[in-house]
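Look for chain A in each of the two complexes below; its partner is chain B in the first and chain C in the second.
For the complex of A and B:
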């Protein structure tokens, strides 16, 4: 059994990954509550943004910060465009259909990424955020500013989103739409505009998550696309409702996933963590026997 | 249109027998098609395409299973390729470890896969469909992780039966009556037909009616006394069973299995082709199989990157969900009929136009 000091560096990794999963999860939950769409293309959009940033920095010699900005804006715009075209077309359908439709966008983006940035031939890419070189020690563990940013950003975003939904007019409109889109529309809320904001916000977050994960994990289209699974597990544990639960679940998933690494017998299976935790949570939750019948809810 | 409707209404009861020749014709078409596929097709194709057609047959069965879930019951599984991988793993293990005859191995891997596939769906079944989709998507990711560690059996010892990468690796056994690729293709088609009959028996029977009512409205089904959890589980079990059998066929067809060939996105593409082909019809499964395995083989032969197909499938999903919910199998005849009408309209209009011009 490895000693505590073996675990310490992985605690740092886990917390920062958990922070990114949290901000992804919060983005997905807010979009889901506002529009009824579970954006499964979240990871793919972020991956494409990160690859574009890589292209700009390494091939065109663009300024790093500009490239990062392009990544985030691209992610926001592509998500918004999808929402504007397919949101209304599928507005009346079940959440399941809306979620599956975003898989269409995922496939399109995956195909484009594999075409433009082939992974064969051993071409490995990476993005280094400038904050990586800012390191300091906590005890005996080296921590980079990127690690801190990832966790703090996740935390701050959760708090801000919570306050936004609670205290602003737009946030109230979003919560109202989560309850009933039709009634909200009759009350004079500009439904389309509120939805557009939610889509754009979710897209921006996917760009940020894509950049951070490209730095913390790897810049690879498939890896980044399916890292969304960890965030999904968190949203699932929160039953697509509470952003607070999403935050904590995401951090737990990130930490457990990373902390298993030094344990010899489990290390190869550590990426199953989101699946195992989500199934366990579902089993516990479904003991309440909430029968899934009714107009609202999923 | 209206005249046809009137005619149907006016037709006396005894005349309704006239529908039968139509079924007969349809049956005859199916039989001729099957005979062609079984007898003529393998000798007409090169080995490359025979291999592709084996995979088409295998994935037709997988698509059929997913079609039951999506089309008949309204459950979406995003992990069906992972279930197939389980089936392939189990049968490869059995084929190396035992000298059981091939059909028994197929049956056994179907049953094992059925148990595993059902267990995974169990926690999500009490909740709405979105949860099942998410859980199965995570399953797809988890299975990829497990497979990359355990690898597929290749004649080694122990529970995993993995021998390391660089030693002499024996091929996976095939039945003695189907040793060549052509013969194995025929074998695969025959087993696939049996799977179609199995599904047909379910759809026509009590479970099929229960599924239809669950699809329409779960609350109404519940109120009508249908055990919705049981029948959903039944559908999951049936889909997993035939997918497990298909996994056995895949193992025998490929002869060498590598975990690197089973990736998470396969499950998503599988759902995409099922939606594109048409989830409500059994013909849709065949179209899905062709889209999924024949088209890439064709494009590969032409030197076109299969990434274009991924893009096409993505667009296909969006198109199917927004404008053609019943898929190509439903849309194509309609489009053809529309085209036919338009052509007929052109032909009818043309003679006077010519007369005017002349």
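For the complex of A and C:
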């Protein structure tokens, strides 16, 4: 069994990955609450944005900050466009249909990425954020500014989103729509505009997450597309309700995933972490509910 | 901060189902089946090159004349078409299509300069996603539907395992760039490369010359890892150096953790040896660099796939003479031979589909093309399945100009004709030779058995 000092570096990588999962999860929860859509294209949109940024930097010589901005704006616009085109048609359908529809966008984007940025055996791509070169030591562990940004950004975003939903008009409208879209509309709330804001915000977050994960994990279309599963697990643990629980669940998933890496007997199973934690949490929560219902019955 | 208390249970249940459906589909996503023809037109099969990031042909000598590839410079072949086939893995994280694309580029060059005894050579390439039924179907399609006369250019994780019995039954002799154990241990398949086991042997063998206290050998978690690991295990065991074997699921999703684990396991006087495709190796090495780990072990090593200028350039100078890569073929930057110049010139003129550019994969494709054309030129009489396969089988001591030793197919029960290699290291964005041609140790029992069979 590794010693605590062996685990420390993994804690750093786990926290930063967990932070990015958290901001992904928060984006998905907010969109779900406002529109009823579980956006499974979150990862693919971010991946394509990151690849566009890579293309601009490496092939067109574009300033990297401008390229990063293009990535984020692209993600926001493509998500908004999807929401505006398909959102109204799907508004009255079951959440299952809405979620599966976003898989369509995922597959289209994956196909485009595979066509434009082939992953041949000899070629590879990477994005290095300028913050990678700012490093400091915590004990024997080297921490980059990107690691810190990933975690802090996830935390700050969670707090800001919470305040936004609670204290702003738009946030209140989103919460109202989550309860009943039709009644909210009859009260004069501009439903389409509120939904558009949620789609655009979710897209922006997917762009930010895409950039961070391209740097922290890999700039690979498939990898980034399916990293959404970790964020998805966090949202399920939070039962798609609480962004606070989403944040903590995402961080726990990131940390547990990283911390079991040095344990030889578990290391090859660490990719199961999101599934195992999500299933365990759902079973636990449903058991608690059964007990509560049982007690009410008594 | 519970925001939305009125969530209906029904809605949540549907969403959970959707999430599970998504997870299942995600698992299916990586095994989609797409087939691409090898194409016969100049430049390959139409695969895009927009994402290529390497020095594709960029360093080729502008003065090199590609017309030297054929017997009649500038005269396009007009004879009937000799079709040959190839099966290659193409899936997320593992893509070997640069090999047939480069071989097709070589054929395009030959076709534009007289062809093979006046005939046009065409490569029909099929791809697979590590699905046994699909791989078996590909073989049958090539032989029974496409009616190819021979097989050259195969490079697949499972193809040899699935199809070697079919090749033996049909009398097909395959020139390949192999991976699976059966590529090297069966009578009808012979390879231009060493494959992951012997290439990993070479990388570990070099690392052992630096006297590390321990070896950590890490590779992709794909079928055949036990077979590959047996070689490095034998070499380290013979040198009395402890070795830790690791595997990683690909695509790697937590490169930082992987790099940390490797360095911790190796210790400050140890060596980390990787056996991954370039994209996976790159994410591990870049993660190590970001975490400041490159100097926390004595040296880093890698099997042949890491031998690309792209990797040397992407990693930067911090890895100069710190990272040592096995090279199964002559390092392109270190050689100015006519063969190497021809390879670079063909890559530049005809290799638009070769996304990885200069590197081991395209060198393997070029070498396979050389051998196939050499064999086809020796055919007297009509080109038939039998005459083409006999020609492939009879190739003996052919100097490819790309390997340390002449290449022989040979009537042997096993085939490891490439068993002498280089070691290269990054230097200012290029791979330079760290160690010249060195025979892979016969401590690996498979190498010993082949040398005995081949009379070496």
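Following the convention adopted for this analysis, the second predicted complex is superposed on the first by the 287 of 298 C-alpha atoms of A that agree within 3 Å, B and C clash if a C-alpha of one lies under 4 Å from a C-alpha of the other, contacts with A are read in each partner's own complex, and residues count from 1 in each chain.
We take it that a contact is a pair of C-beta atoms (placed from the backbone, for glycine too) under 8 Å apart; a residue touches a chain by one contact, two chains touch by 3 or more.
Since the model is a prediction, treat every value here as computed from it, not as a measurement.
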Report task. Go through the superposed model and pick first if A:216 touches only chain B, second if only chain C, both, or neither. Result -> second
Requested in this report: Using the superposition on chain A described above, determine whether A:232 touches chain B (first), chain C (second), both, or neither.
Outcome: both
Query raised in the report: Looking at the overlay, what does A:80 touch: chain B (first), chain C (second), both, or neither?
Result: neither
Query raised in the report: Taking the superposition as given, does A:10 touch the first partner, chain B, the second, chain C, both, or neither?
Result: second
Query - Touching partner for A:58 - first (chain B), second (chain C), both, neither - result: second
Query - Contacts of A:33 with chain B and chain C, given as first, second, both or neither - result: second
Report task. Tell me which partner A:268 touches in the superposition: chain B (first), chain C (second), both or neither. Result -> both
Report task. Check whether A:257 is in contact with chain B, with chain C, with both or with neither, and answer first, second, both or neither. Result -> second
Query - Per-residue contact with chain A, leading partner among chain C and chain B - result: C
Query raised in the report: Is A:47 contacted by the first partner chain B, the second partner chain C, both or neither?
Result: neither
Query - Touching both chain C and chain B, counted on chain A across the two superposed complexes - result: 38, 40, 94-96, 99-100, 103, 110, 115, 222, 225-226, 229, 232, 236, 240, 268, 271, 275, 282
Requested in this report: Show which residues of chain C lie in contact with chain A when the two form their complex.
Outcome: 1-7, 11-12, 14-19, 21-23, 25-26, 29-30, 47-54, 92-99, 221, 246-247, 249, 251-258, 260-261, 264, 277-279, 282-283, 286, 290-292, 305, 308, 310-311, 314, 354-357, 359-362
**Report entry** chain B contact footprint on chain A (complex, rising order)
**Finding:** 38, 40, 86, 89-90, 93-97, 99-101, 103-112, 114-115, 222, 225-226, 229, 232-233, 236, 240, 268-269, 271-272, 274-276, 278-279, 282-283, 286, 289-294, 297-298
**Report entry** Sites on chain A touched by chain C in the complex
**Finding:** 2, 6, 9-10, 13-14, 17, 32-33, 36, 38, 40, 51, 55, 58, 94-96, 98-100, 103, 110, 115-126, 128, 132, 135, 142, 144, 146, 162, 165-166, 175, 178-180, 216-218, 220-223, 225-227, 229, 232, 236, 239-244, 257-258, 261-262, 267-268, 270-271, 275, 282
Query raised in the report: Mind pulling up the chain B residues that touch chain A in the complex?
Result: 74, 76, 78, 120, 123-124, 126-131, 133-135, 137-139, 141-142, 145-146, 148-149, 218-219, 222, 263-265, 268-269, 271-272, 275, 305, 307-318, 321-322
